[in-house]
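Supplied in structure tokens, the structure appears directly below.
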Amino acid sequence: MSDIQQELRKTARELLESGEVGYIIGWGKGRFANQTHPIFVKDPAKVDELVWDDYCLSTLAKYTQDDKYPEKKIGICVRGCDSRAVNRLIQDHQLKREDVYLIGIPCSGKLDPETNEPAKKCVECAHRNPVVYDVLLGSPVEEVPQPERFKEVEELEAMTPDERYNYWADVYDKCIRCYACRNVCPACNCRECYTDQYRVGWQGKQNNRAENQIFGITRAYHVGDRCIECGECQRVCPMGLPLMKLNRKMLKDINNLFGAYEAGLDTETKPALGHYETNDVEEFM
Amino acid sequence: MKYSYYPGCSLSSTGLEYGLSTRYVAKKIGMELHEIPDWNCCGATAAHSMNHDLALALPARNLALVEKQGLGLEIAIPCAACYSRMKYAIQAARSSEKERQKIEEIIEMPYEAKNDAICLLEAFAREDAQAAVKEKIVKSLNGLKVASYYGCLLVRPAGVTQFDDNENPQSMDNLMTLIGAKPVNWAFKTECCGASHQVDAPKVARPLIYNILRNAKANGAEAIVTACPLCMMNLDMREFEFNKAKKEFDIPVYYFTELLGMAMGADPKELGMEKHFTPAVARIKEAFKRPPEEEKPIKKAKAKVEEVKEEEKPKEAIDNE
Amino acid sequence: MSRTGVFICHCGTNIAAVVDIAKVVEKAKSMPNVVYVEDNKYTCSEPGQQAIKDAIVKHKLDRIVIGSCSPRMHEPTFRKMLASTEINPYMLEIANLREQCSWVHTDREKATDKAIDLVRMAVAKVAKNHALFTSSIPVTKRALVVGGGIAGIQAALDIADAGYPVTLVEREPSLGGKMVMLDKTFPTMDCSACICTPKMVDAGQHPNITVMTSCEVEKVSGYIGNFEVTIRQKATYVDHSVCTGCGICELKCPSKVTSEFEQGMAQRRAIYKPFPQAVPAKPVIDAANCRKLNGKAKCGICQTQCPQGCINFEDEDKLITNTYGAIVIATGYELIDWKSIYGEYGGGQYPDVINGLQFERLVNASGPTEGHILRPSDGKEPKSVVIVKCVGSRDPNKGKGYCSRACCMYAAKHAHQVLEKIDNAQCYVFYIDVRTAGKAYEEFYTRTLEDGAIYVRGRVSKIYEEDGKLICKGEDTLSGQTVSVAADMVVLETAMVPAAGVEKVATLMTISRDNDNWLQEAHPKLRPVETHTAGVFLAGVCQGPKDIPDTVAQASASAAKVCGIFSKAELQTNPMISKVDIEKCSGCGDCAGICPYKAISMQDMEFIEHGKKITRRVSTVNSGLCQGCGACVAGCRPGAIDLLGFTNAQILEEVDALCL
Amino acid sequence: MSVDVEKKNVDPNWEPKILSFSCNWCTYAGADLAGLNRMKYPENVRVIRVPCSGRVNPQFVLRAFQKGSDGVLVCGCHPGDCHYVTGNYFTRRRFLLMQRFLEYNGIDPRRFQARWISGAEAGKFRDTVTKVSNDIKALGPNKKFQESWYKERGESNE
């Protein structure tokens, strides 16, 4: 692991000294060994703060949304999921490819700081190598096929409508509407989220079960055809809600109804709800 | 060129020479024909005019046996009637699940309509077979004018057979050009020969055959070639009958496999050719002795040459104007 | 605080019979923002409307809800009424108390509850209505007519006579289309050239019509009143401004080509006028067959022979772009390719089996045989002629399912011409039905029978050649016998199919086609010459098989529609269109992808954000193109784009009102 | 804390509240035609007119359930007949997904239906409304996604 870290620091120093990049978004250590968090390195001297270890979990692409009109390129370390996030932001016209310099790092999965077990999102990850990058550190790792991509969803589908309602009712009772899931998600890139809009009437602001359910379902419906399955929403949710089960349900239906689909692998394939086929499945005759 | 093979009843009775010549030619060009073990009669017109389920079950049993045989090959079927019945059975089983289950009940064997059926003519009309036949030709019919008669069941109903053009089929004509014969462009290729009605309604059926022979003669046919035992029997036997009353037609009738066999140097007896009503051997022997035709394309080429010369002529005229 | 007025209509007894009007009025009084409620026996009548106008003034109302019949019925009426008051016509909502309440329910109490709910929904919606104003778009008073057959010519003449400039585009080297190929026209048997060529000449010389032959429409954009059309002027290698049409070049040209105009029965030269009376009467060079242009030889005779020196071998296609206010499509038809479908009629191997247009050329005085009916094979006069009708028509499994309408009449005409021009000729007509649905059509058919044409009811099953005769085997269903006719020549009256290339024209104009590829009219009975694309009209057979009288009627109808548009200085646009809130729009472009009318385009705009000048991509709506369907609004996640008249807020209010 | 949501024994004279979004050019015209022919159907469907079924945002359906409607019906032109050419192709995709997603979150599939009804199919409109109304009557009132759940149990549950 350390030689990639060395290369990362060397590449970062070159990029910063050459002035090609304004700053670099990477991971840095917190106070404890299992704590890594995103950091922004501007000064070539400080590149040694950049680390690459088992706890680099958070996705970095969404931070580009805080600096939408950079003078210089932004350097970002991209693993498999980050690179797909970058593709998604480019496809949604929220990021220009020429505004970012992507340092690709093949990732063989990270550890969950609490349990020191491989993180759930990494176990389920189907694209460990970056799909887009300007430079690649280290050699690509072997991809792990994911036959049980929708297992959890199928388990829920097997329940009766009432059981499912009760399952989700318990989940939404815990939701505190902190919107962390929305803030971390690369697919959630609207300028003003529908939940923040005043008096349009989409949805109340109270934090009760009904409003939480409507928020959960609407958000899953909004990002359903754009979700890159990076698992961040579930990881960052303070209440530990199984949000990926919602997104994966949407993806399962999109795959069954409109053909095999994985978001963000390139910038051409259009999200499912953005277009149509005249011979789509017909159930409303 | 490997097929499961369903000979059918005619090929060991009235159409014996069709069976012999097929075996001969297939062996010559290396086409493997795996006869279906314990095959049964396909029911032909008798079955489908009396009972719908029986008409589908009889051919389906053979198809089920092919599946049990497990070679996973297409089934080559010489006789047009058997071919038509098999095609109906396959289409019925593939188009409705209910029909397939009823068939399975009657024949008490599993049947999933996996294999396809084609007529023997289609097997020979395919590129690989035509190439193989070309290599084995030793004698040419030297421009013998041959009218190919397809009859009805080989090409109709188009939805079921899906073979060649149902109004103007060419596959047998192409085979004939391979062995040096000159196919005649006539209009009765797919007209009905009256089939079994030659027996129960001669007054209506005989004119049908008479018209076919008359149109063949009118277009200069020196022989008629068929791919169905019933067409063969009707044309051959009734021509003999007409000629007995008044010598009018001199057009022997052959199976296409017989002509292929002869062109590969077979002895007429090996192919059972002496069994024909209208004497057939003489015409072939005479054709072999004919002077080989100059290559047709040369004649065409000459025509092209004249054309070009004519074009150049005005050019000089222009220059010196 | 808005002041809503609610007016409940009895509609005579239609609503009052089932719905308890008094109870609805009572309940309406307590609805939010409602300050005045009144019921009226006939709200749509003059006194009814006057009552509303008075109430508006008296109670200073600013929003109106009317509980009456379906909005599809009287919304326009009540909007016109409001236009004469100071309330904006779009501050109005209508509750459908008749078609969807009183007429369909019997239980008085439940129907009344439903009526109250419907009024409550309308009141809740109207609270969120905004004043909307129609905007006007300029109209370019120039028409484009695509297709130079009789339909295109007639439409162009009518529009030009009304004083508007017209561009008449025809892809062949001359106007005239199919009609100019015909010899006589039924039922009056007047000669087609005598009634078509004068119209062609009129179109050619009309000051308001610019005839553009050998041209095709390349690109169309824009909307009604402002179509931007690019036309490709194909290279003709002859400068028509200088050419006098003397024809010397046509005589000298060495290379002979089968003439498409003569249906392949005669030859023309590489430099040619399709037929003597062509408009414009000037030749063009067919590059594929000209020996100089296709590189076969160094010919160039026409250039040396031309007294005016108007041959230019370096001519190239030109693209001409212009704006048009309205477009009439008259692309016409062609005959079905029967040879590839009907093997039983010989599949084209017998030269004496010809189709209707070929017969027209034979019997035409300026045709290859100067009007004598002679067999294409040996030039002899056929003594017995068989005419076969419905070849390709009314034949769903081999040809087309529809009836081509005109062939019954021109088959009778052909029979009449055979019997008239060939002495003691025999003419058999095989038919399924004889359809003579037109003025003097039946009389024309009976006269053909009297001339001695033998009509055999049945289809021809097979045509084959034997001893020089064409044997037509068929059936006479009236006598139940099979019939066999030995004919010298057979004329097949084949089906009409849309002209090749009509798909391109249809997609350019964004109009749809029915499943036989005919262009789709807006409504078969009520709007036969209009299409769903405003400003694009249809004329003639491109919309479906028809004969010349109907074609000319449609041509004049579409011209009237065009003049209707041009009579106004400006066009009012539909105000209920999408509007973008550029503050909320993140420029993701989803809406642009959804819009079927390409009315939404993403544009970069200047903004000041955090004190810094930046340009950002936002969505903009073209008010002329947007038809107000709202598909984009439902596709916009933050709700940045909204549909005026059916905004998110309005619909959500309606949903809330129903359920509280 | 599971909630006994589906009271199986539904009292007979309970009237469901059903909301229907109908496209102006086809289904709304079909409904008017049903009226013209004096066809009869149950009273508990309220129609909201929209220009095109493509205008219906799936969030409206969520809102309807949340605000207390027992069933939602979205209707539009048959694909290919849409007055706005492609509106209903998007409707079809959106509601193929939303229908499954509602079911996944516990809403009984019969409570949400979508149907293509043309301007001439008055009979089909009446039959669809009657069928949906009877389905929902059998299912009983919908308590899911409802704010009213809190009113019954007082504010402390906020």
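To keep things simple, chains are lettered A, B, C and D as they appear, and every chain counts its residues starting from 1.
To be clear about the criterion, contacts are C-beta pairs under 8 Å (C-beta built on N, C-alpha and C of every residue); 3 or more make two chains touch, one makes a residue touch a chain.
Predicted model only: the values in this text are computed from it and were never measured.
Visitor: What are the mutual neighbours of subunit B and subunit C in this structure?
Guide: none
Visitor: Per-chain C-alpha centres versus the global one: which chain is nearest?
Guide: Answer by centroid distance: C.
Visitor: Any idea how many Å lie between the Cα centroids of subunit B and subunit D?
Guide: 63
Visitor: Centre to centre, by mean C-alpha position, how many angstrom separate subunit A and subunit D?
Guide: Between these chains, centre-to-centre, one finds 34 Å.
Visitor: Would you kindly tell me how far, in whole Å, the mean C-alpha position of subunit B lies from that of subunit A?
Guide: A distance of 67 Å separates the two centres.
Visitor: Among all residues of subunit D, which ones touch two or more of the remaining chains?
Guide: 58, 63, 86, 90, 94
Visitor: Check each residue of subunit B and list the ones that touch at least two other chains.
Guide: none
Visitor: Hey, what residues on subunit C touch two or more of the other chains?
Guide: 594, 635, 648, 652, 656
Visitor: Sort out which chains touch which and give me every pair.
Guide: By the stated definition, chains touch in these pairs: A-C, A-D, B-C, C-D.
Visitor: If you look only at subunit D, which of its residues touch subunit A in the complex?
Guide: 1-3, 5-6, 58-59, 62-63, 66, 78-80, 86, 89-90, 92-109, 114-116, 144-147, 149-150, 157-158
Visitor: Give the list of subunit A residues in touch with subunit D in this complex.
Guide: 153, 156-157, 161-162, 164-170, 173, 194, 201-204, 206-211, 213-214, 217-218, 220-221, 224, 249-250, 253-254, 257-258, 272-273, 276-278, 280-285
Visitor: Under the stated contact criterion, what part of subunit C meets subunit D in this complex?
Guide: For this pair, the touching residues of subunit C are 70-73, 96, 98-100, 103-107, 110-111, 113-114, 117-118, 121, 510, 512, 532, 576, 594, 596-597, 627-631, 633-635, 643, 646, 648, 651-652, 654-656, 658-660.
Visitor: Going by the contact rule set out above, which residues of subunit C touch subunit B in the complex?
Guide: Against subunit B, the touching part of subunit C is residues 254, 296-299, 301, 342-344, 347, 349, 462, 464-467.
Visitor: Which subunit D residues qualify as touching subunit C in the complex?
Guide: 15, 17, 19, 24, 28-29, 31-32, 34-36, 38-41, 43-44, 46-52, 54-58, 60, 63-64, 67-69, 83-87, 90, 94, 126
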